[in-house]
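As structure tokens, the structure follows; a few thoughts come after it.
Letters are used for the chains, namely A, B and C, taken in the order the chains are written, and counting of residues starts over at 1 for each.
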């Protein structure tokens, strides 16, 4: 995507070992985000590789959640939020005029920190909720989709006895896998995950990490995590953020073993955060 | 991607916006219509409010007796009703075992659900005779040195109307006071008790003063409710435009005036006078409510569906 | 601790119990009296006959029941939808705007306006214009009373639905209006509760009807005609000197209380211990 970046834009990108000539699925250019007079993100420039897992790490308040919510325009739901800059999906700015945020969100799905299945829908209905709410009615078709994605997230065997049970009756880890299935069912291209395992126990976390690794075959995954070890385990690329700025962005192994920035090194060795 | 924004979203948003504006429009209409409707008699100015002669035949429209009656009955309602309501509120928030809280709150809420015409019916046939034979004579005998308890005793009188209003405002004053008291943090009570205060002293010291604005607000709301109550008062006040110091005497209220005389209002001036009475009611209750809500907007917000508010 | 303080304490605390009794006794008395005096008037005639002449045996409240049902139905048709969608706006679109706060505030204040003032308003707007009392005027008056009440209570019900549901829906690419419908569906029970309580409230109203719907000794004859109602009849008969009419008033009061208290009790029993959103 070299043509879409001006010389100035290239010069302001943070030090990174990744060649800018590798194409990006999503590209953030000059992103500044403010709430009223407070600024949450300062001039973010980052490209996310297709079919890879990219992790964003950093101490609380560094802006990683804000950034990820800008990628599917969920951030603009916060009253008083102002977003400047561009976010490109396959080269097209998702903040363009006349673009319906709903369309963007169908291509860029999201899984939240606290699992939030719809409480008075069954497990099966939860999976296809995105489709049903947008008008799909064919029951047979929907049943097939529900099963397909429940299998995809390794949940099918655990719920097949009774798919009519309420989505909220599952355990925390199961609920989160259900939410992932629900996000997958609308067939997005990118999946955003905002600390998906922080509310879960280690066993459930392990299962979801396993699932995430299998997802990158078909999707581009961007995950926010406060757990560095998790990033080290499952991410191909890692971005380290601090106080609203992108400090370093590189292949995970490089970032953890041989970071360029002193700040990065201090964070990953536990000196702060 | 690249589709234009869906038309359904703005349609829904502006549709609901327009419907919500009905609330604003309503408020404006109330004032506008009642104002323009009473223009003919508004010209008489304060003579309307302070004049004592209500003589439609000769076009004299002074509502002072009615205003007096509304104020007196509301005052009685507060004097009797607020202490009782506070007592209930204190019991519920400070003294009651947890298991009793729901049933008692339930009963208080049921008091609010009784239609006002049923209060009037019961008041007329049960309460008024009882008061006239068993209560008022004692009041006259022992407290007759006070002008308010002198004179001929009538069952249907300002005092009876005031008493029934006291019962009717209990739900609103008690429940909002209770919420105000429950909102006081336990640390306040503990601080007073740790100083060696008795339970009632602790309540007086810490809880009541902390909850003062909530309780004041409930009093304002109770007043607004009592001032505008129509049916129960009409059936129990006697509907006589008298200004008497004695509470045993019959009287009249603004709301009763409107209810009684609408069907008889023939001339435009007559109707205008009645509308102006309505305007007075509107202003008083509106401002009582505004003051109360400003005092404790947040407290009321957390209540469940409270239909009597 | 000196004994005086202890005694004062005990006295004050027992006064609260006295207050409690003072609050409960009237309710109990009303229920007992209405039942005792009204039960005799409730028979088949009560539900099938028109009101009798003064001092005449027999008769019933059939037209009043019909009138009340019609009034409540039409008023709800006006007040519930407007109130509901107004509440939807306040909760889903107007939470942070000054306009939204104003609507909420005014809604609370308007809900406290005496019902007779609403009657005066509709009288000046409609009855005077069309020169007759009518069921339409009565329905508009009662519906107008419902709007602020329903707007605020449904607004609260919707706000109680957790934000995670809205977020989940929007993140799936579901449009905002459709998400709002989902939120409404999640607040079904609370909204139904709020609606039922508003209905119970207007069923028991009399004052506005005196100025708008009037009273009638006949069955429903037309939208622009006055109509009978239970509450107006209770008032009319209770304040009359005729015993047969007074008895019917008690009967009507009993019937009315059963409905109104029934709805109130039913609603509160159903919502005890249940989740806030359906």
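A few points about this structure:
Definition applied: a residue touches a chain if its C-beta (ideal position, glycine included) is under 8 Å from a C-beta of that chain, and two chains touch if they have at least 3 such contacts.
As the structure is a prediction and not an experimental result, all values here were calculated from the model.
With centres computed from CA atoms alone, C is the chain lying nearest the middle of all the protein shown. Of all chains, the one whose Cα centroid sits at the greatest distance from that of chain C is A.
The count of contacting C-beta pairs peaks for the chain pair B-C.
With each centre defined as the average position of its C-alpha atoms, the distance from chain B to chain C rounds to 17 Å. Mean C-alpha position of chain A lies 49 Å from that of chain C.
The mean-CA centres of chain A and chain B are about 56 angstrom from one another, to the nearest whole unit.
In chain A, the residues that reach two or more other chains under the touch definition are 100, 102-104. Each of the following residues of chain C touches two or more other chains: 175-176, 178. Contacts with at least two other chains are made by residues 6 of chain B. Residue ranges on chain B touching chain C, taken from their complex, read 6, 8-9, 11-13, 15-17, 19-24, 26-27, 29-30, 33-34, 37, 83-88, 90-91, 95, 102, 104, 106-111, 113-122, 124-126, 167, 170, 174, 196, 198-201, 221, 224-225, 227-231, 234-235, 255, 258-259, 262-263, 271, 274-275, 278, 281-282, 285-286, 288-290, 293, 297, 300-301, 303-309. On the side of chain C, the complex with chain A involves touching residues 95-96, 164-165, 167-176, 178-179, 182, 185-186, 277-278.
The part of chain C that touches chain B in the complex is made up of residues 1, 5-6, 8-9, 12-13, 15-20, 22-24, 26-27, 29-30, 33-34, 37, 81-82, 85-90, 92-94, 102-103, 105-117, 119-121, 123-125, 128, 144, 147-149, 151, 153, 156-157, 175-178, 180, 190, 193-194, 197-198, 200-201, 203-207, 210-211, 231, 234-235, 238-239, 246, 249-250, 253, 256-257, 260-261, 264-265, 268, 271-272.
On the side of chain A, the complex with chain C involves touching residues 72, 74, 77, 79-80, 100-106, 109-110, 112, 114, 116-120, 129-130, 133-134, 179, 182-183, 186.
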